[in-house]
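Next come two complexes, and both contain chain A; in the first it sits with chain B, in the second with chain C.
Now for the complex of A and B:
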C-alpha cells in the first residue's frame, strides 16, 4: 500500500514557479561549478568570463555583442516558432531540417543575386526560405492530420535527410553547384555577393543588424497573435483538447495545417536572416537551434515573453562558453551544452514541484 | 575478388552491431510506451564510463558492467523525470542526448589535457579481450568463417540479446504485460500491473543495453578520443530510425541492422567494390556517399508514412507511445 499520493496543485502561482525555477538554476550552476572545480578551475573566474562574454577589458567589445546577437536572433525566432507548434501539442522537432531547407533556398537566391538591389534580394531570400520551409511543414502536418503519422519521428528523419543534403552540396564540385567557390580546388562554400548581405544601422563602430530589429518585432507580433487573435485562441484550444476543439466546431485539421505553416515558415525566416547575416552558408549554419530551440521553448513554458528572456540567457551561455574557451583549453564549447542539459533537468524537477504536491493517503481520504 | 566480398560482409557486422544494441534497447523502452530520444547521449555516457573504468581495470567484463550501469543510471534519470515527475518525453530525451554527448566531450577534453592523459587501448588486455575470438571449425570455413565467425564477444552478445528479447516479448508473462502497458497503460493498471515499476525496469535495462553498444563503438574506434568527433557519431539516431523500420520487433531489428549496415558499408567500401568488379559495380562510385548516409533516414520516413496509410492493426507501434501515464487523468 503506497502511503503517499501525488496531487496536481489546483492553483499555479507564477511567484511559486519563478522561485522554484530560480532554485533549479542555482542548483545547476552549482553542479557546473563543482565540475569546474574538479578540473582545478576557479568556477567564479570561469563564470565571470562566461557571463561577460569577453566584453571586459576588450577593445573590440562591440564585436562580442555582434557575435552574441548572431547567436541570439536565429535561436529566438526558432524557439518562438517551435512554441507555436508545441502549444497545440504538435511535436515538431524538425527545427534543424526546416532551418536547413530555408538556408539552402535563401542561398540559392543569394548566390544568383549579384547586381540586384540589397533590399530586394534580402526580401526575396526571406520569402524563398519561408515558403520552402513552410511547405515542408504543411506536408508533415497534412500527413499527421490525414493519416495520423507520427510527427515526432517524421520531423526527426527530416533533420538528418537535410543534413546530408547540405553536406552533399558542400562536398560536390560540379558545374551546377554555384554554392561553392570557383577559385578553390577543394570544395568550400562561397561568400554571398554584397547584394545579399544583411544591412544594419551603424551605431559608432557597432552595427545593429536589421535581423535583430526584425526578431524583436516578430516577438511582439507572435505575442499579440497568440494572445489577442482568434487564431491564437484556436491554437490553445486544440492544445488543451483536440476533441473540445472539434465539438466547438473548429476545423482542427485546418488549424494544425495553418499553424505548422507559420511555425516552419518562421524557422525558414530565421535561416534566411542567419545566412544573410553570416554572408555564407555551411553545414553548421543551424548552430543547433533546432535542438536548443526546443529546450528554450520548454524552459519558457511556451510563453512568448519568457522565450525572449530565455533565448537571451541561453545565447549568453553559449557565446560566453565560446569566449571563455580561448582561455581554458580543457573546457570547450560543449560545456554550454552540458550546463544546458543540467539546467533543463533541474527545471523539470522544479516545474514538477511547482505543480504537484505529495500528500499522505489518509489526508487524501479525509479531504 | 572473393576477399573483397568477405571483407564487405565482415564489415557489415563489425561496424554496425552497435546499431543493434541501440535498437534493441530502444525497442524495450518504446514497448513500455515511452519514447526515449536520448539514445545518442545514453550511448555516449555508457561508452565513456565503460571505457575509462575498463581501461583502468584492464578488463572487458568490468567495462561492460560499468557501461551498463552508467547508461542504466541515465535511464533511471529518464524514468524519474518522465514516469514519476510526468515531464515531457520528447524534451527529456533530447536533453539527454545534448547532455550525454556534451558529457563525453567534457570528460574527454578534461582527461586529454590532464597529466595522465586519455588511456590508450592498443596492447592492453582489454584490447585483447575485445578482439575476435577464434571458434575452432567455424572460423576456419573459407569465406563464411571470416565473415560471420571471426568476431569479438560483444558481436555475438548483441545478437543473443536481440534473440532473448524477442523470446521475452513473445513467450513470457512479464513480456506480455509490458506490451499491454505500451498499448494501453490504464487497462494494464486496472488489471493490477504495476505500470510505474514496469516502466522503470524496462527503461533502465533498455538504456543499459544501449550503453553496451556505445562501449563497443569506443573499442572499435581503437579507444582514441578525438576532440571533434563523438564515438557514437549519429548511430543513436539511426537506431531510433531502425526501431521503426524493424516494426518494434527485436528479431526484425537483426535483419534491419544488417540492411542499414549494408548501406553504411557500401558508403565506405564503394570504391573497393567498384575496383574489384569494374563491370558489374563500377557505377557505385558515381553515387555520392551522402546518399548512403541519408538512406536509413529516407527509408524510415517512407516506412513511417506507408505504414500509417495501411491498417493500424499490423503495425508494431505501441499505441500509447510518447504519452505519459498519470493515474488521476484516467
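Now for the complex of A and C:
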C-alpha cells in the first residue's frame, strides 16, 4: 500500500523557499564537515576561510576580491544570456562552446595587437568575440527554425567541438600558431601583450576592472529589455506558446534568430572580458560557466535580479572553496569541486522540496 | 443492497484547487449512472481515481462491498474497472487485434493468434460490435476507435465501465448505436458510468444521475423522476432559461467569399476539398462536421496561418490569398480559435490579461517599448464589459477558469472591431452560463453588421444560434441549410456524408448571386 505521495505545493512562498534552502545548505555543509573531519581538518576553520574567501588575516585581501570578481563577471553575463534564451524555451546548453569561440576569437585579436592602443584593442576583442559567438548561435537557431533540429543536442555537441578545437590549438606547436609561447619547447599558451589587458579604476591597491562595471550595466539593460521592450514581450510570447505567437502575426523564426544572436553574443562578450582580465587563454578559461550558468538561471527562475544575486552567491561559493582548499596541504582543488557539487545538489533538492510536498493518505473518517 | 462501486468522502486537490471535495457516490450492479456536471466540476478527476491514474488525498473506495486501494491502472483493471478515456489510448500503428492483445494479462507473453482472436470475436459478437480486427487504428474513423476502446476494456474482463464524454465526437446516428451497445452491456449485468454534459443523452440512457458542481457532490436523482430543467438547476446551482436568441438582422452584401478552396493538412492529405461559401454582414454561418473534417485547417487558412493549394478568398472584393496573418487582421478579418486544450492558440497562458490584450497590436505603439499603460486600460474595459472574473488585469490567463479564458480571447478579437469574425468552438468546455454570455457577445456583434463564421460542436446550439449552417464531411461541402428549415437528423446525415445537397433541388452551391467577385476572378 502506498501511503505517501508527492503533491505540488499550492503557493510558492519566498519564506518557505529560503528556509528550505537554508536546510539544504546546512545538510550539505554537515556532510562536508564529516569529510573534512575525516581528513583531519577543523571544519569550522575551513568554512570560516571559505565564507570570508580568504580575506581575513590576509594582507593581500584586495587580491581575493579581484579574484572573486573574475569568477563573478563571466558567470553573471553567461547566466543572463542563458536566461534570455531559456525565457524563449530555447534550450541553449552550449554556453561552454559559445564561450570558447568568443575566447578564441578575442585572443586572435589580442595576440596580434602589439602596439595598438589599449582601449581600441579591448573593444575589438569584444566585437570579435560577440560576432563569432553570435554567428554560431544564429547558425544553430537557423537549423532549428529551418529544419526543426533539436537545439539541445546541437548546442551540447558544440561544447565538445570547441573544447577539442582549443585543445588542438593548445597542443600544436607550429609556425602559424601564435597562441603559444615562442620561447618554450613544450606547448604553453602565451600571455597577451599589455595592449590587450583589461583596464580599470584604481581604488588604492584594488583595481576595479571595467569588466565589472560592464557586467552590472548589462544586468540593468537585460532587465529592461526583457521586461519593457517589444522584443522582450515577443520573447515571452514565443516562449509561452509558439502557435499563439504565429497566430498573432509575429515572425517566430526571426525572433528566435535574433534572441539567439543576442544570447550567444553576450556569452561571447563574457569570454572576451574573461580572457582580457586573465591576460591569457586556456582550455579551462570557461571555468564551467556554461554549465553553472544553467544552474544560476534555473535557480533564479529566469528573473534578472535573482540571477544577479544568485551569481554573486555561487561565485563566493566557488572562489571561497578554492581559496580555502589552497591553504591546507591535505586537500586540493578537487575537494573544493566536490564540496561545491554537494552544496549545489542540496540546494536543487531544497528547491524541489520547496515546491512539492509529501502527503500522507487518509482514510474516510466514517469508513 | 450491494453496490458495484461505493465512494466515501473522496477528496483530491491539485495545489490550491480542490477538484473533489468529500464526494460520495454509488453505482448499483447492472445500472447506468450518468455523471453530470459542468466543466471543471471534477467529473474526470473522480473517475481517474477509479482507474488508478490519480490517488485520492483522502476517502475510501469500495468495490463489491470490499474496501480497496487503487494505486495504478493495473490495480484498477484487476478489480474489473475499465475506463474509456475522452482521448483514446490506442497505438496508431497497430491493428485492432494487436491493440487489444498488448494489454491482455494472463495469456502468456506471446501472441497466440487463433485463441486470442476467437476470444475477442466472441466478446464482440456478444455485445453486437461491428469491428474489423485487422484494421489499423490509423485508418479508423473516430467512432471505430471508440468501439475498439470499449471492446478492449470488455476483453480485459471489466464489469464496471466508465466512459468519459463518449458522445462528444460522434454524430446523432453513431450516438444511437453506442447507446444500443451500452444497453446490451447493461443486460449482461455490467455497471456503467457515463460522463457527459448533454442533458438529452442523460435522459435517454441513464437510470440514475449523479451531479457534481465545483468539486462538490450535489446529489443523485433517479432519471425517470426528473427532467432536463431540474438537472440543469442542480448542475448550475440556480434557475436559468434555456433559450438562445437569434435576432434577425438585415443582411448586407457578402463580406467574405470563399471559392473553390482546397487546403492540405499537416500530413499533406487534403483537408478542405474545393469548398465554396460566403458570409454576409449581419449573419452567423455555422460550420457543422465531425471533429477533424477540416474545420481547423479552414479557419487557419482564412486567418492566413496556412497555405492554400487552390482557390480564392475574397474579403470585400479584395483577395486575401497569400497575405500575412497581420495583413489579414488589418483588413478586418479576425479569428478566435479555441483548440481542444483551450490555451494552445490565441492566448499566451503564462502572460497576464494585459499582455494578452495587446498580442495583436503591441507593435502599433511608437518606439522600443511596449505600451502597457493603455493596454491595462483596455484590459480593464474588456473585463468590465464581459464580466470576466479575475483578481486583476495582471493575473496570468492560465489561472482563470475556462469561461473567463474564452471571454478574454473573444474580448480581444471584438475589441479590434473586425467585420468578419471567425470563431471556432467558442463555448467548448464552458458551463451553461458562460456559454450564454458568449452567445450574447456573438449576437451583439451580429447586430453591428459583423459576419460571423461559427465552427461548432453542439447541433442544438447551432440550430438556435446560426442563421445558416454549412455542413462539411471529409473536407467536402455537403450543403448549406437554413436553420429554420432543417433538422438535426438531416444535418447528421450530411455530416456522415450520406446526404449531399449541393446543387440539388435548387439549393445553394455556396456562391452568392451578388458576389463581389469580378468576372475574371470568378473564373479563376
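The rule we apply is simple: the second predicted complex is superposed on the first by the 281 of 367 C-alpha atoms of A that agree within 3 Å, B and C clash if a C-alpha of one lies under 4 Å from a C-alpha of the other, contacts with A are read in each partner's own complex, and residues count from 1 in each chain.
Here is the rule we go by: contacts are C-beta pairs under 8 Å (C-beta built on N, C-alpha and C of every residue); 3 or more make two chains touch, one makes a residue touch a chain.
As the structure is a prediction and not an experimental result, all values here were calculated from the model.
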{"item": "Contacts of A:359 with chain B and chain C, given as first, second, both or neither", "value": "second"}
{"item": "Which of chain B and chain C A:59 touches, first, second, both or neither", "value": "neither"}
{"item": "Of chain B and chain C, the chain that contacts the larger number of chain A residues", "value": "B"}
{"item": "Which superposed partner A:8 touches (first chain B, second chain C, both, neither)", "value": "both"}
{"item": "Touched partner set for A:186, first chain B, second chain C, both or neither", "value": "neither"}
{"item": "Chain B versus chain C as contact partner of A:168, first or second or both or neither", "value": "first"}
{"item": "Contacts of A:248 with chain B and chain C, given as first, second, both or neither", "value": "second"}
{"item": "Partner chain(s) touched by A:229 [first = chain B, second = chain C, both, neither]", "value": "second"}
{"item": "Which of chain B and chain C A:240 touches, first, second, both or neither", "value": "second"}
{"item": "Overlap of chain C and chain B interfaces on chain A (superposed complexes)", "value": "7-8"}
{"item": "Parts of chain B lying in touch with chain A, wherever the complex brings them together", "value": "35, 37, 77, 81, 85-88, 90-92, 94-103, 105-106, 109-110, 113-114, 227, 234, 237, 240-241, 244, 288, 290-291, 293-294, 297-298, 300-301, 304-305, 308-309, 317, 321-322, 328"}
{"item": "Chain A - residues contacting chain C, complex", "value": "1-2, 5, 7-11, 228-233, 236-237, 240-241, 243-249, 359, 361-367"}
{"item": "Chain C - residues contacting chain A, complex", "value": "8-10, 13-16, 55-60, 67, 69, 71, 303, 305, 324-326, 329, 335, 337, 343-351, 355, 358-360, 362-363, 368-370, 372"}
{"item": "For the chain A and chain B complex, residues of the former touching the latter", "value": "6-8, 35, 39, 91, 93, 143, 147-150, 152-154, 156-158, 160-161, 164-165, 167-168, 171-172, 291, 294-295, 298, 329-332, 334-338, 340-342, 344-345, 348-349, 351-352, 356"}
